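In the two assemblies presented below, chain A is common to both, partnered first by chain B and then by chain C.
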Partner chain A sequence: MLDVTTATVSDRKALRINPAKTCQPIGAMYAALGIHSCMPHSHGSQGCCSYHRSHLTRHFKEPVAATTSSFTEGTSVFGGMANLQQALVNIFSIYDPEVVAVHTTCLSEVIGDDIPTIIKKSREEGKIPDGKIVIHANTPSFVGSNVTGFSNMCTGIVSYLAEKSGLSNGSINIFPGWLDPSDMRELKRLADALTVPFTLCPDTSDVLDLPQTGVYEMYPKGGTPVASIKGMGDAIATLALGEFTAYPSAQKLLDMHAVPFEKLDAPIGLTNTDNYIDALRRLGDVEVPAWIDAERGRLLDVISDIGQYFHQVPVAIFGDPDMVVGLTRFAIELGLYPKYIFTGATGRAFETRIKELLGDKYPDTVVRHGADLFELHERIKGEPVKLIFGNTYGKYIARAEDIPLVRFGFPILDRVGHRMFPVVGYRGAMHLVEKISDALLNHRDRTCAEEWFELVQ
Partner chain B sequence: MSHQAINILDDRSGQVLRNGQDPTAKIACDKPSAAGSVSQRACVFCGARVVLYPIADALHVVHGPIGCAAYTWDIRGAQSSGPQLHRNSFSTDLQEKDVIFGGEKKLTAALRELIAACRPKAAFVYSTCITGIIGDDVGAVCKTLAEETGIPVIPVESPGFSGTKKDGYRAACDALYQLVGTGSTEGISKHSINLLGEFNIAGETYMMKDYFKRLGIEVVSCITGDGRVDELRRCHGAKLNLVQCSGSMLHLAKRLETDYQIPFRRISFFGIEDTAAALYDAAGVFGDPEIEQRARNLVSLELARIQPELRRYRKILKGKKAAIYVGGAFKAFSLVRALRTLGMKTALVGSQTGNPQDYQQLKELCDPGTVIVDDSNPLELAKFCLEQDVDLFIGGVKERPIAYKLGIGFCDHNHERKEALAGFEGMVNFAKEVHASVMSPVWKFVPRRAKRLSTKKKEAA
Partner chain C sequence: MYSDTPTDVGEIDSIEGVSPEELREKMLDGLPSKTMRKRAKQILTNDPDTPPEIAANSRTVPGIMTQRGCTYAGCRGVVIGPIHDILHITHGPVGCGYYSWQTRRNLAKSPEGAANFLQYCMTTDMQEDHIVFGGEKRLAEAIREAYALFKPKAISVYSTCPVGLIGDDIHSVCRQAKEELGINVFGFSCEGYKGVSQSAGHHIANNGVFKHMIGLDDHPVEAAPFKINVLGEYNIGGDAWEIDTLLRKCGISVLATLSGGVTYDEITSCHQADLNVVMCHRSINYMAEMMETKFGIPWFKVNFIGAESTAKSLRKIAQFFDNKELKDRVEEVIAAEMAALRPVQTEIKARHKGKRAALFVGGSRAHHYQDLFADIGMETISAGYEFAHRDDYEGRHVLPSIKVDADSRNIEELHVDADPERFRPRLSPEAKAKLVANGFTFSDYRGMMSEMKKRALVIDDISHYELEKLIETWKPDIIGSGIKDKYIVEKMGVPCKQLHSYDYGGPYAAFTGAINFYREVDRMLSSKVWSYVVPPWVKARKPLAVAAAEDAA
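After this line comes the complex of A and B, so read on.
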């Protein structure tokens, strides 16, 4: 399948082959699912909504409900106002959510639908029942990527809902960025342990990692409650975990309600988790319980036990920028050698941040934003690596070059671990250490000469 | 909100029917989804993409923003016995400046680079919502590139908003049709067919080709499973078209009938009854008693081979109830019959794209009390599944987790099926898969079943 790839990087100006990103609306849909009792609404053709739902379902293995404006040829000529208004009436009368979170698509952006005006008009005409909320984000598919869409919806959530009463509620806002429900759960476990009052937003745990109950709930118990989101304007501070998916909404909250925010990387690995814990400790003015220190100690212990197999092992990391930034730091901490660091998203900030992390110790590392997996493959063919970190789409390169793949990021369409086990926090880091060492040692056991096939490692 | 609280959307009440309650009742279908419904349907682009995707030695370039290419990247288990080019994702990844200034130059450059690098036999260029709106002349770009490179470069008219998935099938057929008639038909047997609407999911085309080989019938082109450009070019030389996924390919069959006087038969290879009927039907057309005898021999041989195993499954599955929600209604007919072969009842059946005749046929085929739905949504499906207390759900990717949440077994009969379910061996695989899911030990532990078991125990005591 990848037999066209050669060992030299081809000069392509107009073409994306095997992308390392997807379009904005899916990110907006995912973010909206992190609000309690929220129906994401796709303002565009039916296909968009169907694709996003299918893709999210393949990753989370959970039902994903979202509605669509079902654009037709006429809509594309006359505009989507009538469709959106009809949609709002139908959604509230049949599916009865608390919130409808509208995101646009390339089509509705190009025909120029003005969503705030349509929402206003719908409210005036009584098409939105009293007490119900409609928010929106502009997510044109021809700008940015899935992470932009996630971030835009997070900013939309803040702009529409966050309020300031003037009285501090003593709480900390945690903007997790695009993480899996298992990661959100872990962030909450750690924050709970520090006894800091907090609001995690968005929060997809207990929405997209549901237990089997025999009931299909369109709005499960999880998701950040609207009341908590409203209170975010009264918080002491915001912790924003990721430049691409969390800083913009934190900045919005700062601009609107003067809530200061701390910029952190996604809490993947030792230092990034230290920073998360420490920020909570400082802002909440609390002590870190001893068992968290012990958890950290166990992480250190396992790294020292197995770290010999990681030393200077060249690796490729690709994925969404915030996740890749977090993981790159951990890779360095583990002694791995990050050789290719790729994201499909565009943003020079990515390269800048990665280069800060790398310092001058990795002179030949290739850092690319706005890149695709075809180029990653070309580079790996030129100079191979021993391990690839990335989403399921990495499996083609992994197979073609016989390089183990540690699945990481979004989407993971062919394994189940990410649904249960986090990659953030000390526990997440331990889980990653296990995955990395399993991948490297399994590969070695499978490929080495018999005399090197060892019982004890 | 849970499924327990749902009322049927007013707009949708005509699209739900309980079989047998009113013999004259007709289901409303063939209409666009109500705005604001959680529809399971997709778009025109999706329809075109899934139909053309299996043509393995062609280049498939999506002219649009990245999403359309990303979501359709290798999601169909349509196998190729040779080239794997179709499994890559090629896109012009349109950006804001392209939307403003037009994407034609970008498309031209992309095609030029790709055709030089991949040397495909043909290229399909899919238009998307955006190309439809910004007015790129994809046709003109394709024409230029075809002249320049010497291979057919074919525009696929598939802006997402321009209809339903069915219109996408039609767009795909029209695109394919540009290849038809451009190859030599020399040497094609007088006993020859095309297989239309067979996509080689999990290698099903190989089975069918084997059957026809055994009958002495030449398969000129399978459209589009394990598809090759050169075969498509000469498919007009076949003497008969067998149309399996009728929703997707009837249009092509009709064009071939009009232009080349090739008759067609609607057939299905799902389930033993339908498979046998398809083989007899095809064999009968040629008026050659030898072929007909071979068909009878093949059917009895294969049946004898699989019956013992099917009987074992039937014994276990007898009386279990199933829900079916699939893309095309024609597949639903086969599934109802195939379930019957396993002794199972169909309690709920629906499709995304059925037409009035399809639903009439479903009514006739199903038992009284069966719920029939068109263009349904998750709440509705969940509600009817529990109401009808089904043991199995047959559907696609979006329905799977709903079934599991309810504690119901599931069988994927869509793009993501991993086992060949067609033909005689396919029937055994189907039985195996249904059995594996319905009889999975996990259901003993799920709340719904646990309740049922405890009630039974109490009743017994």
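After this line comes the complex of A and C, so read on.
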């Protein structure tokens, strides 16, 4: 397994090996699925749409509806307007969504298709039925990464749809960033508990975690309704849960409609969840119900019960930056020793934030942005860790080095837990504690000498 | 005596009270008129005797939710990607390389001590600067870095959409790298927008493999009496290994499988084979033709999917070599394999005979898998390819009448001549004439339609909308399709078997594979999951009308 990799960190300037990121459009497609009755549309070659749908489907094991402009060589020469216009006619008449959310690809970006002009022209020519909405985001694949694409579509949603009537609706906008449906569901459960009126946007719960009913619905009940998105300009504040995938759209809403925002780290682990709950309490001016104290207490209790096995255990964490930032704080809370903290996305803000969290207690921790899994593996070969947190692609390193992997982030292509159990909130943290302790102790049970194989732990 | 003469396949009348013609109308009805006119040429009721003309390999209408991917996917993903001891570098933004990394189940086992390069995904991860100022330097540097780390025998480079637009000359970069590094380095201009589907990528891949790999190594391969290549078999779920094992049992040596589980050296020396047999006609027929023209290797179509088809294919190969010992050995192997298979087949057939399947996949699987279903008495009521051409539907005899459109013209047709030294006809004209006189066909594929029932619905490049109509109306018992459709179909309460990835099961090829498939279909069709959809309290609920009547009383 990965037999060529050595303990020497190679000096590479041009070759990316085993990326820890992918390109923008998949993020835009995922964000658009979090609007109710929305068809994501990929303006480019068919392959982009096919790859993104396939990948999202493999992660969620759910139908992922999205359409494509099906570019050909001719389109690449003459521009994509005719294709997009024809696509809009077909989408509205055959699939009948409320919203079409167009995102670009490297191809249409290099050609220079002007999407707002095409939308305007299509509207004038009656190709967009009255009452139907078309929004867009520019998501060139040669800039940023999948998280940029998610963020750009979130900003597009705000730009096109958020309105301000001048009357406050007393509501809080929660911009969750790129989380799984199970996480979105958990964020809503906690916000509901505080009885704060809120709009979660985007919201992929009840879109990509559907029950088996024997009926297929292209637009299931979930997704943030357009009416709620319109009302976001009248909210009292926005909570942006992540620098990379939530903050830019919160900033946009501030710029457009002067809605103030608070930026928090993804609510993974104890303190990050405390911050989420407490922000809702302050902004909504409400009391936190006692059962949340108890839920929090149960998390603390389990940490104190099992914490001995986590103490100073060196771990590697890789993934999308907001998720990694959230998890790093929790790893520190648990007593783990974050040895390698990697993201494939580029952004100095990542390193800065991680270094703030680490303080001066982890002098040899390697923090890398814009890095890849080949380098992570090289470093692990040099100085090993006892646990890896990351997406499914981490399984190759895990097997090569016999290190347990706790699947975390996107994509998880080979297990099902993430579809049901959140990683955010106290319950998510408890779920992570279980996964971490299972991974460490299962490995110990499998590898320790027989005389040290113990019944009780 | 082996014969390719077709047998009567029967007819489909009405299913669930709806005739094929009525269902076709229903599918077309909801479409905008321009789209409807186009789709009408791609949704047909079958006639096995004189297959109607189908508008295959035409552009997908923008906005239609299609199964199709792109040229890059067909080239790098399907045909070349499986070669596991060369490096594959995708020149472009990160996504294309990332998505083609281990997502297609072309399994490979490296020899002891050698690395499996398929575990490494390599891309130039182009950034905005490279788009603006050109990416050739970055590509050259990436090739150097890859060589320094991996020391491969060969490096293969793939262009993605923006590379074609900005005009990077990957071929000259590859030529220079070849000179500099002293290894084989070659490129594929397989930008996603070329052609109308993956199919264009297959053709580009065939051309490149033929130009840059085939025939490079004339060192004699191991002496064996019956040496063949299996073309168009990609070792999904271990199929190629299954086929290889079976052929070896019969005494037939496989020099190379193109390209499942194959090594560079196997490809460069495989022109020494006596015969090419073709599994996936769509993706590799170009190679079979070019190798015949240049080296004199005859080819014919086989199908190792399905027990009956596997037996038929083995007999055809034995007939080709016309060797008594081989023929006897093949019959012994078939008898032994069938003896093991029959009890399973009989048991499962008893449970599922008469059930209905619909298959929408690939460029040959929608045809091949009909045979597996037929083994257990199931009928295929509708089928279609994702990216095939007319010849895959109607048979190769239509090739001269296929109009070359603007999209196909983009793809180079290599001009191939007989190799002055290495061309060697494998059969004497007399031996060939004798075989043909007895019903043996060479260089032919009869297509899917001639083997499907009369009036079965043939749907090319099926859209999500049409699939939904099919399921609602004809209520098939099982669908064979891909990942993008799978959960749509299953949400509708119909089991869906992924025929690209096999749902991570398999192998399904040859006899052992057939047993695996029967058992898998049995599991899916016997699943209780669908019967639990309605909770007991909902079952207990009175229908609203009954409750209202009781209230009124």
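Keep in mind that, in the parts below, the second predicted complex is superposed on the first by the 456 of 457 C-alpha atoms of A that agree within 3 Å, B and C clash if a C-alpha of one lies under 4 Å from a C-alpha of the other, contacts with A are read in each partner's own complex, and residues count from 1 in each chain.
To be clear about the criterion, contacts are C-beta pairs under 8 Å (C-beta built on N, C-alpha and C of every residue); 3 or more make two chains touch, one makes a residue touch a chain.
Source: prediction; values computed, not measured.
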item	value
Combined model on chain A where chain B meets chain C, clash or fit	clash
A:207 touches, of chain B and chain C: first, second, both or neither?	neither
First (chain B), second (chain C), both or neither touched by A:22	both
Which of chain B and chain C A:13 touches, first, second, both or neither	both
Which of chain B and chain C A:84 touches, first, second, both or neither	both
Touched partner set for A:62, first chain B, second chain C, both or neither	both
First, second, both or neither for A:97, with chain B first and chain C second	first
Partner chain(s) touched by A:219 [first = chain B, second = chain C, both, neither]	first
Common interface residues of chain A - those touching chain B in one complex and chain C in the other	1-4, 10, 12-19, 21-23, 25-26, 41, 44-48, 50-51, 53-55, 57-58, 61-73, 75-76, 83-84, 86-91, 93-95, 105-107, 110-111, 140-143, 145, 210, 212-217, 393
Chain B residues touching chain A - in the complex, by the definition given at the top	1-4, 6-7, 9, 11, 32-46, 64-73, 84-85, 87-96, 98-99, 105-110, 113-114, 117-118, 128-130, 132-134, 160-165, 378-379, 382, 397-398, 400-402, 404-407, 446-449, 451
In the complex with chain C, residue positions of chain A that touch it	1-4, 10, 12-19, 21-23, 25-26, 41, 44-48, 50-51, 53-55, 57-58, 61-76, 83-84, 86-91, 93-95, 105-107, 109-111, 140-143, 145, 210, 212-217, 374, 393, 396
Contact set on chain A toward chain B in their complex	1-4, 10, 12-19, 21-26, 41, 44-55, 57-58, 60-73, 75-76, 83-84, 86-91, 93-97, 105-107, 110-111, 140-143, 145, 210, 212-219, 393
Touch list for chain C against partner chain A, complex	30-32, 34-35, 59-73, 89, 92-99, 101, 103, 115-117, 119-128, 130-131, 138-139, 141-142, 145-146, 148-150, 160-162, 164-166, 192-197, 406-407, 410, 464-465, 468, 482-484, 486-488, 490-493, 529-530, 533
